[in-house]
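The next block holds one structure in the form of structure tokens; read it before the comments.
Note that the chains are named A, B, C, D and E in the order they appear, and that numbering of residues resets to 1 at the start of each chain.
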Amino acid sequence: MLLNKRAERLFVWIFFPLALLMPMFLEQNEYYVNKLTTIMILSIFVMSLDYLVGKCGLITLGHAMFYGLGGYIFVMIAPEYEAVNFWIYTFYICAISATVAFVIGFLVLRTNGIYMIMITLAFAQMTFYYFSDSIDFGGTDGVFVYVKPETSIFGLSLFDLDNPTHFYYLCLFSLFNTLLFFKVLIRSRFGRLVDAIHENPGRTVALGYNIFIYRLVSYVVASALGAYAGYLFTLQYGFVNPSMLSWTTSGTALVMSILGGMGSIYGAILGTLVYEGLHYSLEHLTEHWLLFMGGLIILMVMVFKKGIAGFLEDLLEKRDGK
Amino acid sequence: MSNLLEVKSLHSLYGESHVLHGVSFSLDSGQALSLMGRNGMGKTTTLKSILGLVTPRSGTVSFKGENITNLATWQRMKRDIAYVPEGRGMFHNLTVKEHLQVAARANNQGEKIWDYDRVLDTFPRLKERLSNLGTQLSGGEQQMLAIGRALVTNPELLILDEATEGLAPLIRKEIWEVIRTIKESGISTIIVDKNIQVLQKLCDRHVVLVKGKVVMNLDAEQLQSNLAQVEGYLGV
Amino acid sequence: AEQDPIKVGVMLPFSGVYGGLGEATRNGLKMALQEHAADLQGRKIEFIEMDTEAKPSRAPEIANSLLNKSHADFIIGPVHSGVAMGMIKVLKDKDTIMIIPNAGVNAATGPLCAPNIFRTSFSAWQPSYPMGKVALEQGFKKVVTLSWNYGFGQESLDAFEESFTSGGGEIVKKMLVPFPKTEFQSYLSEIGSIQPDAVFVFFAGGGAVKFVKDYDAMGLKGKIPLLGAGFLTEGTLEAQGDSAEGILTTLHYADPLKNEENQTFRRGYADKFGKPSDLYAVQGYDTGLMIASAVKALNGDISDQKALIHALENTKVKSPRGDFTFSKAHNPIQNIYLRRVENGENQVVKLAASALEDPARGCSM
Amino acid sequence: MDSTLFIVQLINGLQYGLLLFLIASGLTLVFGVMGILNLAHGSMFMVGAYLAWYFVQQTGSFAFSAVISAVIALLIGFLVERTLIRQLYRRNHLDQVLLTIGMIFVFNALQGLLWGNDPLGVDVPQALSASIPLAGIIEYPVYRIFVAVFCVVVAGVMYYVISKTRLGMLIRAGESNREMVECLGIDISRLYTIVFAIGVMLSAVAGVVAAPISSIVPGMGEHILITCFVVVVIGGMGSIKGAFIGALMVGLVDTFASVLVPELSSMMIYIFMAFILLLKPQGLFSS
Amino acid sequence: MENNVILETEGLCKYWGGLKALDDLSLAFHDNQLHGIVGPNGAGKSTLLNMLCGHYKPTSGKILHRGESISSIKPYEFARRGIGRSFQKTNIYSNSTCLENCSVAVQRLMGGSFNFFRSRYSQKMLDEIATQALEKVGLGQRRDHIASQISYGEQRQLEIAMVLATSPEVLLLDEPMAGMGHEESQLIIDLLSRLKKEYCIVLVEHDMDAIFELSDQLTVMVDGQHLVTGSVDEVRDDPRVKEAYLGQGDEVY
């Protein structure tokens, strides 16, 4: 079974159909469609991080580097005034960031634990400063992207990225595929090794596996997906800024993923939804939203021992037990 | 002889799995008690329940007539109990010397029978390794250190969980020798070990556990006469 | 439609480093609109306030919410230049008016200028450019420039350099400090060993406090004159204490300006909010004035965007900083004052440039 | 660079390094030695600076402010450990990340509420406000020298306590195996409360001491936080000596980078850290 | 005996700082034999085993596998050459079931570890081999239990099952019987006496009954140095061995 927890099935079965129908209710209000799109994009990003941190045990504080790179690579390689193809650029961006991840992974994966957190942070900070110091890319002010790619495959144009609803569906579709991809990956034999390496790396070496390679592959895959999310984010508003690469972006994603339930993958969506939802509603309620946000986060750490996903799982299990 | 430790109908669980089903026994001061049973019968769990490392769902533990069931682990240990855990419980960031220094203290009577030097005299091997970290020792050395660390607290009750595991025969003998001396100096012990011959000679009481229940609780003579049955329980 | 309130979206930082600026701007804005309630032709104002947290990556989303969810008629913001870029991306040529009450990024009224984008503050170029001439007048030949390495800072240094070198001055060294680092010892030591005629800096907020105090502590104060874009001594003088005495800065405003608008404004602000007003309050205030006068000019009917833009373009703002008008690129054409810190206040020395217009390079409007 | 300037920059670097150590000292204790990932460390630094400002405003005495701020920080640390951190020892390190990020939010919000968002400054205490001439026209403030000395003292005391005393051994042992420490009859949770509170106090004291030579602004804690982690990690977890040397190295690298390779100076400490960790994946002095 | 030498050490040394944990050791391990290694605590037995499986790098000296020097290959390549080991300190995947523990081991031989899409549960054969390994050590009934929830002794059994599941040709066992009950020990002894007909086994153990019963060759080490190698009887009666390791008289004091 692909979705092996009840809570997980329940969530997927409720979330995706609902998300599919959502734009119908929001038609008159483009803002909400855009907001939800941003949440989907963030969820993809958080999910790729969740896989790395929760599943592979590779804690990184530099994941935003790839999120930002997704945007900046597009700025670098896209011609300024020509139409480009979305799918081809998706491929380019994933391939280039995967290559970057391969090189960096080669270096950072030699360390572990807190040292790995710090060395990933170091690389992210270097990229951050590279872009915020560089005049060509607008420095701290960021740059605009003037092209919106067209989306035809073999001459068949399915949707229009300028249309927020279409873009929404593209992001939802991407999110669903990301979830599916990770779920299949985790269930696969490769996934078995990911689990094994996470739990006991030393033992896995003794069984004859070159764990470095498996980690590297995971790192590359997750980084490419993180870059894809950044690419989508850039396309949404056509704006790239170094703050996409900052450590606080990584930190916030980490918070969302922990909140959702580390390693549960679908928890990434939960965490992002809850965090963004709280942020949104508190911000509209009170000027002192920061205080309440902080308080609620603290409360949630105390209550949800294994994140929201874990909490739901326990809840359902308990009900089943009785 | 007064009653030192009394365990009454302990029930302990790990999550949902019920491991101890009403374990009771008692130990007089100065006595040595052996806790026997096959793997997974609940010996370690019994010890941990006595020490408060596992919180029993019900049952009481009394030490010197005082009910200690609701005390924190450290409060129980302060009453001069020492523990050599299964798996040795080394500190990976302390040296051998520091292991002993950090644990050393006089007991509640103010006695300091076991101190740093005496431990090193007993285990000369450790003397050569003073600056090694706890986890940079061989298995046996770790075991010696764990025992030494328990001894320097000058306990009244010493609890040993498989303390001779991984020791060379010669050292093993020494350890038994040490335990005998300890016992003779009036310290009580609870020993979990698989060497029934030794236990037979050393211990005054023998408790056999099967699936979390005490199936036999014998004194030395009774063990003699029921040896076959006990061995049956242990699968010897 | 005329009875509906006018919706004013406010996109300012209310928390964090820039929180103070956001608050002052908002206060000024509200004060102006209250004072001129009569000009609004009976229309009420509805404020929708959003905290940008000074995070550029959130800017498009918030701007989007004000545009598409709240359907704001005016969107006021931001403080931070990066945020401004994100906002402009969303709001450029849209059916709303964006008025920037602070962010100085040149591009906003340069290459990115648009009919619906206005600025009531300044371009980064404006306050610093006149300082070049001032430095030359003072007889400085060799100057070291220093700023945080970010857009606004670099643009300020460039503007200074432009006028200073064209008048024959020489920049002996340009130092860029990584943002937001505030450990200045090594830079100050180097300045001490170069011993230039003067130092021109751009810093604001906490960095300005720290820099000025360190400059003094390293013994440079009084030996090498310190020049700066006015932000160096705005809202920071109290924290800087004696260390700030004697610093020369150029800016489009000074608290002690003698004109009447300024006097009443300052009194009114202090009464209303219980604390002294500042530059940012003035900029917010002027934004409010501008809205009020346009609404008045149109008799309350702001539904025609072309007309509204036209009205705004032709507004002459009677500002506490002195009257100003708008350039083609929608940036203020305003006076720049030379100020010297004396007894903890930015005393006006003279007019450094009158009715200075930003060159609006790259704007094709 | 001529030789006097070189020496001056060397002094700057060392002095900055010492200051960094002081700021990182609380983190070294709480994170390096006790193993609690406290991201709110920077917030406590900020709180210390704001408290110092507040009490100097109220009383005019820097020394008094320092003491009272330290006491308040101690109490905060005590409360936070008792009510929050304590729940998390048995849980994942990442839960500590979440918790302490929540705490950062709360502290930032409170700072805004209590003290507003304008930049503030504390004057150098009168007794230490002199400067001594150094080279050319450059003078060196006595207060910075005082700070440097103070840092060395803090470093010395910390080193002694952690590596030589029984208390230090217990703290280290607790990081390795809490249960076993308890089995030695030690009330580990009380010990950890105290040590955590002291760690928090150190962070706040660093804020107090740094207040006169830094600007007190919202978010000052987050800016310094990452640098503190860099310091602790370069030195190697759990090593006071490492943190000390790490701090000095970071101070020197940062200072000289800003003079010699200004284009790279923003990245230099990260390049340096990456370099160290690639050579020694466990930091310089890891046990 | 004319069994092939599979694994060999030549002048192997391991120094920890100034400490010579292993000093100039030359030994040969043969196919289809069980080679016992005993010695006082700290003699360097675990160190030796750790080097034979690539966990530590020798300070000097060589390790030969079928005549080929393998001192400098990567740790995981040792296992791929068929050198499997169990750990002295239990080292398993404690949050997984016993079956899963062994499946990881089996999967290396079956391949597919880079297959992203094929379900790990889809291959019956893999499960079967893993189950067989569990049954061999007598853990058949614990197949679906989570490893952390079985008793210490059982975990030790699992440890061996995992090595077996990798189908090694050399088995390096470090105190596999430590902490096991009598019955389980006996089970392992029986198991090993069967296995040694097919494998080259190196056994470090302090349980003398087991060692004497099982060993074809017995090496005694003291303080990192080789003391004597020979058949059980030769070694048992060697006075040096008695003095250094066994002590006089019986096992029971």
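We adopt the following convention: contacts are C-beta pairs under 8 Å (C-beta built on N, C-alpha and C of every residue); 3 or more make two chains touch, one makes a residue touch a chain.
Chains and their UniProt names: B = Amino acid/amide ABC transporter ATP-binding protein 2, HAAT family; D = Amino acid/amide ABC transporter membrane protein 1, HAAT family; E = Amino acid/amide ABC transporter ATP-binding protein 1, HAAT family.
From a predicted model like this one, the values you see are computed outputs, not experimental measurements.
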| item | value |
| --- | --- |
| Steps needed, at minimum, to go from chain B to chain D via contacts | 1 |
| Chain whose mean Cα position lies farthest from chain D | E |
| Between C-D and A-E, the pair with more C-beta contacts | C-D |
| Length of the line joining the C-alpha centres of chain D and chain E, rounded to whole Å | 48 |
| Where chain A and chain C are represented by their mean Cα positions, the distance between them in whole Å | 37 |
| Centroid distance [mean C-alpha coordinates] between chain D and chain A, Å | 32 |
| Whole-Å separation of chain centres (CA-atom averages), chain C against chain E | 74 |
| Sequence positions of chain E contacting 2 or more other chains | none |
| Sites on chain D at which at least two other chains make contact | 108-109, 112, 266 |
| Multi-partner residues of chain C (at least 2 other chains) | 15, 149, 178-179 |
| Interchain contacts (touch definition) - all pairs | A-C, A-D, A-E, B-D, B-E, C-D |
| For the chain A and chain E complex, residues of the former touching the latter | 184-185, 187-193, 195-196, 199-200, 202-211, 214, 217 |
| Complex contacts: residues of chain A adjacent to chain C | 29-32, 34-35, 38, 129, 132-133, 135, 138-142, 144, 233, 236-239, 241-244, 249, 283, 287, 289-290 |
| Touching residues (chain side chain D, partner chain A) in the complex | 37, 39, 84, 87-88, 91-92, 94-95, 97-99, 101-110, 112-113, 222, 226, 229-230, 233, 237, 263, 266-267, 270-271, 273-274, 277-278, 281-283 |
| Residues of chain E that touch chain A when the two form their complex | 53, 55, 74-80, 84-85, 87, 91-96, 100, 103-105, 107-108, 112-121, 162, 166 |
| Residue numbers on chain C that touch chain A, as the complex places them | 14-15, 49-51, 55-57, 59-61, 64-65, 67-69, 81-82, 84-86, 89-90, 105, 107, 112, 149-151, 154, 178-179 |
